[in-house]
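Let me begin by handing over the structure; questions about it come next.
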């Protein structure tokens, strides 16, 4: 089951660049929440603060609190532990090129010491089914490399890989932006199904996508969160003029 | 109409001229290489027989004999060299690419590697002589292997670093995003992805030191008899070739040619074998 | 500013709707005038403008559909286009009502004239026309307050229509020799009441466009609320 995320007074810096300012929001459990905003507004940085990937950059710094479920992820746990509970899917599909499909999906578990073969087989199958890829690859699990699949399939493989470690939250940073419309639709349908088991946060440039998949939407601008409300409200009658200017394309 | 055809005619001519120069340059490079090989083949094949591979050298002045001990000796020396050069080199490469990016230590390591690369091989041999042979009190295969190994390090380290840097950052992020500790991500994912390139780097270094003679003069020294003992002097193909080629006996000259041919052939075979074995582990469609 | 082409398309859509509005308003004014002076030539004008109105309605709907499909309008743009589509339909109905009135006038000319019937058609007409004018002005000026004023005027027209119904049916029962004329007058009142309703719809659409709140059927909802409160 998914958990809610509570963000309080989050500030983030890259060196001296104050990329996120005073972010406060509550992301509901078992729903999809979309984050929209122009390039450089901080939405990707924000999402990376939710699984402490922001820290992989040596000049990054964070203050404030992020609670995922019961846990204060910056004070109560180590980054590695958090990342096992908060999965991430990136903009460009990035399956491990030297591994087969099976090994890719199992990598999060195998490389962390999990060795029970039969359990692994089950988990791999379940994850691939949950990411709507099983039928397309079940014959070639161990013979085909992860990189030999099409773009849309690769992205679903990455989703399966993330799901295999059984996270509670799934972060998706523009997951369909590198994909064609058919693959995009498949990913969106997938998000719909996954909502019941996970809490999903999706960063997207594509407002129609946010409108299609998310219950709640947050609009980021210049490192601040301008408005956070139901998707319906944001796209039919937003409260803030800046939100309206952005979604009607009247920016700049 | 007239001007465009003039310009396009001029451009086409320039294009052909430059292409021609490029081809000429390629030919200038390949022709000497082929010439060397062919000459080597002609000169060396004459003296090649089974005895070459099975017998040790005969006393000076006598005819016949072979370089069996040199072949084995080279193998031992290269084994020791690789055991030193490959792990240290790859380790340095991993540090430079994955853990020390931007640090002063990394800059220092890179600088050291570049300097080491430029050290003349004879100096390397002298250093090994002073640091190993003299304290031990005897020449040895070990000291020769160390000298060669240290010469391998810069090449292995630099190519490893470059190959690791070529692994896209998205792969690293994917691994970290799964909750893998950094060291795990580096070893099991990044290094594995870069391994074809890293292996190539090792092979480059291997091929280079396989033909080195100068460092072995004051370390391995040479040995007319069969020996595989790392603590005793040992023969090596390039060493033996040099000794024979600079000697006065015609028989030895012929053996030197054969030795040169065999040396190159063995290097080529060794490299090809490693590449073949490495590629067998690579899956369908992987880059 | 970005999306200049889109903005121009929206402006064009507004322009076309205003042309449509002008035609509809003119039709109503002419129909009322035709009633006032019993001039059949004006009735002809009204009939002819009906063609233009119908064509414009199709064009505006097509343009709106294109914008929806091609430009993915959001928020206020989406509400604007939706409102345009609905106002478009209401204006076309206003044109229909004008035609209906002018047909009634034509009918009346073929019947013998009668002494004054107990209805104040001119006053109803003035009020309905005023509502149409104001609702269109609220659209032009994007003024929700003006639109709300229009909503208030509807009650008066409704009252007048109900009174007309009562008195005219009484006439038809008691003075059957002038029943056709009374019926005609009743039809005209009904048409005017519909015109007022359409003006109300237009005003509600303007409020939806500007404020994003749906104020439709407020009277019936209010009445229902009062009814449930009374019974509980």
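Order of writing sets the labels: A, B and C. Residues in every chain begin at 1.
Operating definition for what follows: contacts are C-beta pairs under 8 Å (C-beta built on N, C-alpha and C of every residue); 3 or more make two chains touch, one makes a residue touch a chain.
Quick caveat, the model's predicted, so the values are computed rather than measured.
K.L.:
Identify the chain whose mean C-alpha position lies nearest to the mean of all protein C-alpha atoms shown.
P.N.:
Answer for the innermost chain: A.
K.L.:
Comparing centres built from CA atoms, which chain ends up most distant from subunit A?
P.N.:
So the chain farthest away from subunit A turns out to be C.
K.L.:
More C-beta contacts across A-B or across A-C?
P.N.:
If we tally the C-beta pairs in contact for A-B and A-C, the bigger total goes to A-B.
K.L.:
Using mean CA coordinates as chain centres, what's the subunit B-subunit C distance in Å?
P.N.:
92
K.L.:
Using CA atom averages as chain centres, what separation in Å is found between subunit A and subunit B?
P.N.:
46
K.L.:
Using mean CA coordinates as chain centres, what's the gap between subunit A and subunit C in Å?
P.N.:
The mean C-alpha positions of subunit A and subunit C differ by 52 Å.
K.L.:
Help me check something: in the complex, which residues belonging to subunit A touch subunit C?
P.N.:
Within the complex, subunit A contacts subunit C at residues 207-208, 235-238, 244, 247-252.
K.L.:
How about subunit A: which of its residues touch subunit B in the complex?
P.N.:
Touching subunit B from subunit A are residues 51, 53, 56, 58, 80-85, 87-88, 90, 92, 94-100, 107-108, 111-112, 143-145, 147-148, 158, 161-162, 165.
K.L.:
Can you name the residues of subunit C that touch subunit A in the complex?
P.N.:
Answer in residue numbers: 1-3, 6-7, 72-79, 211-212.
K.L.:
Along subunit B, where are the residues that touch subunit A in the complex?
P.N.:
So the residues of subunit B touching subunit A come out as 102, 168, 170-171, 173-181, 184, 188-189, 192-193, 195, 282-287.
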